[in-house]
Structure formats: C-alpha cells, structure tokens
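After this come two complexes, each holding subunit A, first together with subunit B and then together with subunit C.
Entry: the complex of A and B
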C-alpha cells in the first residue's frame, strides 16, 4: 500500500475574467501564498506538477514551461497533466502519486488557466471536438450541454426550477468568498428569466470565463507531522474516462455518468467510506453548469441516483444544511478557469481546517469530497480528504 | 477577449494553422460508402457481435481488431437533442437550428447530426428518426443532410 500523503497548504488568488498577470505571474502569486501558509520555503519543494486544461486558451503550447521558476521548480523535476476539465482534480492526484510512491516528500501542485486572451472561448472549445464527425456540424458548448442536460432531466424528472436553486445557492455563497469573480444575490425567478443558451441551460445556469491559478502543497506523512499537528490526509482518489465516441457508447444515456460513478466508487473504496451521504461532511462539486453539480452529487453518492432535485429542494446542500455543497460559491460563483478548478479542493481543505472565513459552514467538517469533470462527457476525477 | 485599454500593455497575434486530417482506416470505408452508395456502415466485432457506429478498426470492449463491415439501417431512435438560436458566428436567429444524437437501429452505435423538418416542440426523446442524405455527396459528414422525424 502507498504511503500516506497530506495537504499542508493551499495558494489562492482572486479569480477575474481578465487578469493582467501572465501565466508565470499568476503562478508565482499562488505558489508563494502556499509556501507562506505552510511555512515552507522554495527550497523545500522537491518536484512540481502542473495542470491546465486547454493550451489553446492562453495560446501558448505546453504553457507550464513559462512557470518552471515561478512554481518553485527551477532545476527540479516537473510534469504537466491535462485531462480536460477534470484536470482540476487529476492534477493533485498526480501530485499525490509523486509523494505516495515514495519518490518525493514535498510536492507543489499548480493548476491554472487564462481564458481572457483568446478571441472567444467558444472558438477554443470547438478545437476539443472530433474534427471529422463532430466539429464540422458546429457543435458548441451550449448545445453540448443541452444534449446532456435534456437527457438528465428526462431520465430523472429534474426541473429547471431545481437547477435555478443551485445557481441561487452558489452565487449567493460566493458573496462570502474574497476571491470570487461573480458573487450575486439572486432569486429563482432571476435565473429562470435569464436568456436560454440552449434548453434547459440559461445564462444564469452557467459559470463564467475566468483567468486564475491555484496551488496546493502535498507532503509525506513524516514531513506533514513536522509541519502541523492536524494534518489533512488525501484518503481516496478515483478517476474514470469514457469513450470519445459519445454517440456510440454502450451506455448512450448522457443523463447517467457511468465514468463518474466509477471514479467516486474508487475514491470511496480507497477511503473506506461505505455511505457517503452520512460519512461525508462537506463537498465542493464541479459545477460549470447547475445541472452538472446535480449530476455530480448523484455520481458521488451525496444523494440517491436521480435525487439531486430533491436534495436542493430540501435544502440539504445549503451552507447551513446537513451536507453543504459549494459553500465557496463553486465554479459558478467563484469563477471557472478550467484547469484551476482545483480551487474546489482548496476550499475543502479550508473548510476542514476552519479557515474558510465567511464561507465557513456551521457544522464540523472532518471529511470532504471533490471532483473535476470534462472532455466530450468523458473524464471524472474524485478526491476524498480528511482528518483521521 | 479582454478589451484593449490605453494604459494596458498587450500584444496582439494570431495562430492560423490549416490541417489535413486523415479520416483513418475505418473512416475511409465509412465515408466512401456514404458517398458512393448512400450507405451507413458499421463495424461488427467478430467476437462479441456488437456493431460500432461510427465504425472503428477495433472493438473497444474485446480489444481485438477482428471487425467486419455491415450495412446499418439509416433509421433510429432520438437519444437527445439540443437547439440553438445563435449561428456559428454568433448572430441571433429567428428559427433555431438543432443537433440530435440518433441511436441507429440494429447497431450498438449512433451519430450526431442536424435535425431538419422539425421544430424543437415536435421532438421527443425516443421518437423514430430517419437519415436524409445529400444528393451531392463528397465523402464527409455532410453527405448526410440531417435527421428528420421518420415518416410513417
């Protein structure tokens, strides 16, 4: 069995549509913040793992190369990871592998994305689609979501009103988040009245385009116990990837994310969690769109399959609810610089440590779960963290 | 894209690279049959008998490359669909255009394509759809014009 790995610090910065920093400058800010919070120095870092989802967003191929020094990785082993939107969590999983394997004791994990510099995010997203069967017919992100959301609503009877409640929750939660791009005081009617991108997804069901970075420092058990007497362990990791040929899969119903259920199960099995609904205290769930938070809650067993509508109706996932989800505001409220969705993991850590400021949930948080999702409805990565 | 401000230092540039992608060994057969015979071809795995559309040179379940080509009916079931009131260059349209995923009858796969001769309110998940071919075909995905609700 692999040796234990702890999160010993996180590096945060404000998420904005457009940051005047370069990728290198964004990364330095969060790397420094993480070092200061964990009271480590640049020399303590043994290796760096980078993650960004789509280089065409910032228009620099292998963009991590600009930030070798800024990350604390000068003349050290570095590696870049990219698994579309799930990069947000698969990157810290890669960092985890570096430490759990025994190869390194202290690893810096950096996730980042710059989305404001390209001509139009949609033009960049279109490069993700298969060039022969899909891109020519002009699939775009709104329709990509519509295909999936319609199947989801149809399969389980989820409503637009329930989706709207997720937006109200997350944008409202972001009001307490000092790094948030789009905190908003909304009503359900505000969301329902916002223009359709593609049914059932409306403008206010959608997360924004964002520039931003995050850092996480991971340490082996021995080192972690020197740094803190309250280590937060990575208890379980899981990943699933499905076929790019979404129109011809064995499970062709986009409403049920088989690959996400698998990733969740892997992570929970590893963490020894049998009943997430009672054993998970807190979750930061990947919410590029309202219905995605709902699908991911189900896939991670935070509510019964098909039960995410009821979950939000009954207030389960509210900040003061029994199983709060995205008290930071999530991607919707804080911002969605795709690869840097690792912020979801950072907020799980802060909630456990009691350092979430105005976002802190009233209940005690010992165990939390988070996920990242992306590709052509393909990737899901899950991480469970917590105290002993 | 961020606006250009007077006191903001930026550098404008473009990346314009043309590509000539290979459609692949499976794609060549698929598009040749589409162009020459108005036929949709799937690849049947000799081991598990699943018929893959789009066809591939290997079976993803069995992980073997013993495939044989079979014709697939150009009719199927609407799995899901999506509409947009925006053209591909961002202009607002009066009438929406739609894409749908259709599971093709007698196969274990399907295709995504335009939906024509219907409005969003006419469509229901699970309804029967049929392929309308283009009369002028060139060996690409536009050899299919669109799916439409199957005529009885």
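Entry: the complex of A and C
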C-alpha cells in the first residue's frame, strides 16, 4: 500500500551557460541548500536519487558516482535515473517510489547537468541517435523539434506570433528569478525577427544550453508532519512514452502527443482531479521551445486541445492571469540543463509555499502541476503537488 | 499486511558465441518474450518497464531509451535507469510494485560486448572516463596506452586484500578452479586445475587471465508483480524478500581498497528487510560477483558468509562448493560464464530464482529455499547491490 509522500525542501543554485563548479561541487551546493532550507542534516538523508541526462555532456561515465559523498549519500543507497529532458520529473517520481514503497522515510533527489564541458552541446547530443538508421539522416534537436512544431501549428492553426508571446512571457518572468540565466525584456517583434534555427523554430523560441543542478527532499507522511505544519504532498504522478522509433510511433501526428495526454491523465486520476482548468492553480510546464509549452499545456488539460494559442492571446498564463504558467521564467528564461529541469517542480513548491520571491504570483496557490519531456522526444512525466 | 514482491517470469539469453547477427534490441526482445511466456502475460498486461544501461559501453547516449520497444514499455509508465548495474533495475521495480501492487513490471538489461573491440580496450577507456577528471583520472597516465589498466587497478585492491587477510595466490586460484568447474556441470572434462590457473597469463600480479572474467553478450528480463497477482499467474513465483544497494566513494584515492564496504552496507539493508540475522546459516546458495577471483572472497567476507580468518579454510574445506553448506557461484559465476558488464547483475538474480524453483538444470542445489544474488559494478567505482529471494 503506497504511503503518502511530501516535499519538505528544495535546493537551488544559479543557472549559467558555464559554471566553474565541477559536477560534484554543483551537487554539493544544492544538497546543502536543501538541507538548510528544510532544517535537516546529512545524517537524516536515507537515500539519494540522482537524475542526469547525458554523461557525454560532462564527459564522466556514470557521473553520479563522483558525487556520492557530496550528495550526502556515502555508503547509503543511491541510484541514478536518466530519461533525457523528462529526467526533470521522472527522477522525483523514482524518489517518490523510494518513499511510497515504505523502504525509505527521507530521500534526497538531485538533478544536474553540465553541458559546458564539451565543444558543442548539440554535437554531443547527436550521439543519442540510432547509428544505423537515424544518424545518417543528420537530425538534431532544432530540426526534430521544428518538424514537431510544424505539425502542431498546422493541426491547430497556432501561429508563430502566439509562440513569440510565450517567449516574451517567460523571458520577462525570469527577470524576477535570481537563479535565471537569461532573463530578457523582449517584444513580440524581437522574437519574430530572431534568426530561424529550423522553421518555424527561431533562436528566441529556444531555451539555452546550461550548467545547473537542483535538489528536492521527499519525506513520508509521518516524518513530514514532524518537520512542518504545512506539508506539500505529491498527489499524482504519471508517465507515458511512445515508441523510440520515429517510424514506429503510435501516433503519426506529432501535433498531438498521445503519450503526453496519457501521462497527464495518470497523474490527474491519481490526484483525483477531474477538471485541471479549474482545479489547478499554477503550472510549471516544460518549455525547451515556445511551442512545447503550448503542446504541454494542452496535454495537461490546462486549456482545451488546440487552445494554447488562445490561452496566451487572452493572457490566461501570464503571471497575474487566472492560470499562471512558468512565472519563474521556465526553461527559456531560467535555463535548460537537460537533466535538471526539476527546477520546474521546485518552483511549483515555492509558489505553493509563498516563497517564490519576485516570481510569486498574486493568486493563492494550493495545487500545482508540472511536467518534464524528453526521452527520444517521446517521453513525458507529470507530477501534481499540493496541500490537502 | 504488506503485499510481497514476486518474480513471475524469467528470461535469459546467453549466446555461447558473440551474437553478431542479433542486435541488442533483438536479444532483449527474446529475453523479454521468454519471461512473458513464462508468466503467461501479453504486452497489454505490462504496467511498467525499467532498464539499466551504460551509455559509454553502448556507444550511444540515452542508450536505455532504446530498450523500450523490446520490453513492452510503449505507452506504459516507464522509468529508465542509466549508469547503474542491471541488478538495480530489480530494485527500482521492487519499489514500483510496492508503491502500486496492481502493477506488472518488466525489469531488463542487455549488454553486447561483441559490438566493441575484442581486446577490451574500450573498457579500459571506460574506466578512465568513469574517474573524476581533476584528481583521479591523471592516475591512468601511468599506464601507457591504457593497456592493462583494468588489471593494474584490480591488482592494487587484490594485494591490499591479501595483505590484510593473509590469503595467497593459491586461494584466489582455488576460486577460479571451483567456478570454472561449476560452469560445466556434468562434464567429463573437469576444467583447469590449480596449476593451470597459476600458469595462465599474468596481467598484473596477482591478476591473471584465468582469474579475471572475460566479457560476453547477454540479455535478461524479469517480470515482477505483487504476491496477490502472482498467485493468479501460471508460473511458480519467487519472493523478493530483501533488497539493498550502496556506493562507497567514487574517488579512487579516498577508498579503503581491501574491503568491499559497499557490499557490507547493501547486504545490511537486504538482510534487515528479509529478516535474516545469520546469513551464513540462513542462506542456501549465493550468486555473487567474481569479476576477479579475489572479489568473490572479498564479497563472501562482506556478505557475512564467513569470518575473515576463516576464508581460506572455508574455501579449502568446500564450504562454498556445490555440495557444501553454502554454495557460492554454483552457476560458474562470471569467471565461468563470462561477464556481460551491467547485465550479469540481473542474471545472478535469475540464476538464484531458477534454483529456488528447482529448475537449475545440472547445477541444482537440492532443497534450496533462500538464495542471495549480488552484483558489483566494477572498476573504478565501488557500487554493489544485493537481493535476497525465497521459495514460494
């Protein structure tokens, strides 16, 4: 029988294009920050769950192993997860399993990525492709995502202008985020005038390459209630992944991502949420590209299917809107260290607790949802958190 | 009353020759199909799918994603583990089933050593890549061309262990004799004797060709579910009573090399969960890492199979032989069957499960009720996992 699991603390650090810290030092900083914020000590931590996407980025095989001690996990159970970008949420879900299973009471979850330790991050990332059938095609992230973006724009009539509004929103929101790599005051025209990486995806539709780490401390119900009067529960988790073969996808249409809807449904069913548009107060949605925030809002029922254009046009997802999305700045404004998108979860927690500083939304936040997307562009993980 | 976790399907593919005609996806599919057939389930029954994989061995980033289709995970919840030994997929699956007892979960791992260079230089490079770059990796510059790096590192810990315990080269060779003999049950040809082992090519004293496992290809899939679901499926399930896993310092120079501290901690957790207090008496058989001959003995010590001062005596008296009170590596172990790096860890679990089902053809330990599977992830880090299984 699953036990209830709460988030009792988060660990943050600045996201930068190139941090002079090593992987070990980044992990140490956020682990320490999380312990200090939750008033726990290293000895309280029973297990550590690491998440990082691509070891080839930092050039260390099984990179978590160099940070065993730095994480507080020396001679304790530690485990490392990787589902590319969706590591952001699949890792805390694995952490959730550690506690819900009854095996551990207090678990430290650490997500990290160092994308600067190589010549070119995209060149490294091309090593994800199947060497026989796919690598010869010469795909890369912008190209692949442009294919998806085209399908999405075509299917629902979304425009580049609407995409641009998401960039303006998120980069502008990041101005209030002390950890953000690329806060920017932009206009729609700035975004539309930025060079194309691959149509319709432009430079300013894209999140940056980043070094960074995040930590989250999870606790069982008994322990959570000892630590705090105001626990924030993990209410629902969901994961879904389509076939790794692009040629073999279950849904041919990249405009509507069935696996993303599936993950959202699992999480909402578990959380007992029937109408996310009214029951979710706040969302941090995975936005490596502007059109991705839009696709994910739809898949998570934060707006009707095909309605993300209207959502941004009507200001629904603005910081002071009825359903704010990415008031932290999201990946676009804060930074995108592939495995460390767990920042989205951290910000949901901070918003609920009223500790989001200048990013704090004006409305009351009790229930939030977040997602991570990645794998081979086919994996989505969703988490719903909130007060009782 | 907690719903215990059970193994209800086992699939192991161990090609006797390098599997050059099969991709790793095909190998893994075969193993998964075997496991599913045994459990009497179809793809629609699978609720979760978990794999482990090592990118730097596969030569592909996000390598664990590629197993998804082979293990029936499409459009299912899945957590894909990277950079941990295959036995860790069992641990993650164990937790998933405890958190949601309605789930049927596939845990799987595959390794195709044959797709890399035969001399294993790739693995030497992997060792350096796994070391922390600033302070540990420069150590490897002492080994020209990295040739023999693995053996050098192994010899350092073997010597430290022999120093502390007083074990000799002959004791190490005796482990190899035992396991190589175990690997060919019922064979008239007995395998190399002590003299032949001690005469095999010296890599870095005391590590010899015959006391170091060779790399091999393999795939393994296990199907896990809760006790209540297991009872309704066709196969005789095996209980997973306890699991534990741990890592010592990743930094080479911070560890005490003569001891397998990570195995001690992993075992402690597994024994606590399984309610074992005297593993030397309560365990009927064990499949543990014998990546190097000395490692089997280090692990016997760390697992509490016998006291340090009794290691040599237990070995000599046949305590760990197939017909002894605590058979260790009756399968032949990694020394006997080869080491599919990463995947072998999960195969040890499969071997123990087969024994508990009474289906370990040729090497059956009669009346086995409680078994232990152990894996060590290999140099240069210190990571281990332990699982305690018992008969239905």
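What to note about this one:
Rule of thumb we're sticking to: the second predicted complex is superposed on the first by the 386 of 388 C-alpha atoms of A that agree within 3 Å, B and C clash if a C-alpha of one lies under 4 Å from a C-alpha of the other, contacts with A are read in each partner's own complex, and residues count from 1 in each chain.
As a working rule, contacts are C-beta pairs under 8 Å (C-beta built on N, C-alpha and C of every residue); 3 or more make two chains touch, one makes a residue touch a chain.
Fair warning: this is a prediction, and the values are worked out from it, not measured in the lab.
In the superposed model, A:219 lies in contact with neither subunit B nor subunit C.
Of the two partner chains placed by the overlay, only subunit B lies in contact with A:146; subunit C stays clear of it. Judged by the touch definition given at the top, the superposed model places A:280 against neither subunit B nor subunit C. Touch criterion not met for A:302: it reaches neither subunit B nor subunit C. Counting residues of subunit A touched by each partner, subunit B versus subunit C, the larger count belongs to C. Of the two partner chains, subunit B is the only one touched by A:18; subunit C is not.
Using the contact criterion defined above for the overlaid structures, shared-chain residue A:2 touches subunit C, although it does not reach subunit B. Contacts of A:253 after superposition: subunit B is touched, whereas subunit C is not reached.
When the two complexes are overlaid on their common chain A, residue A:94 makes contact with subunit C while staying clear of subunit B. When the two complexes are overlaid on their common chain A, residue A:245 makes contact with subunit B and with subunit C alike. Residues 59, 131, 243, 245, 248, 250 of subunit A contact both subunit B in one complex and subunit C in the other. Within the complex, the subunit B residues that touch subunit A are 1-2, 8, 13, 15, 19, 21, 23, 27, 52-54, 56, 60-61, 79-86, 88, 90, 99, 101-103, 108-114, 120, 125, 140-142.
Subunit A contributes residues 1-2, 22, 24, 53-56, 59-69, 73-84, 90, 93-94, 96-98, 100-103, 124-125, 127-131, 238-245, 248, 250, 258-259, 262, 266, 375-376, 379 to its touches with subunit C in the complex.
Of all the residues in subunit A, the ones that touch subunit B in their complex are 17-18, 20, 59, 116-120, 131-134, 136-140, 142-148, 150-151, 154, 196-199, 243, 245-248, 250, 252-254. Those residues of subunit C lying in contact with subunit A across their complex are 2-3, 54-56, 59-62, 64-66, 68-69, 73-84, 88, 91-92, 94-96, 98-101, 126, 129-134, 244-251, 254, 261-262, 265-266, 269, 273, 381, 383.
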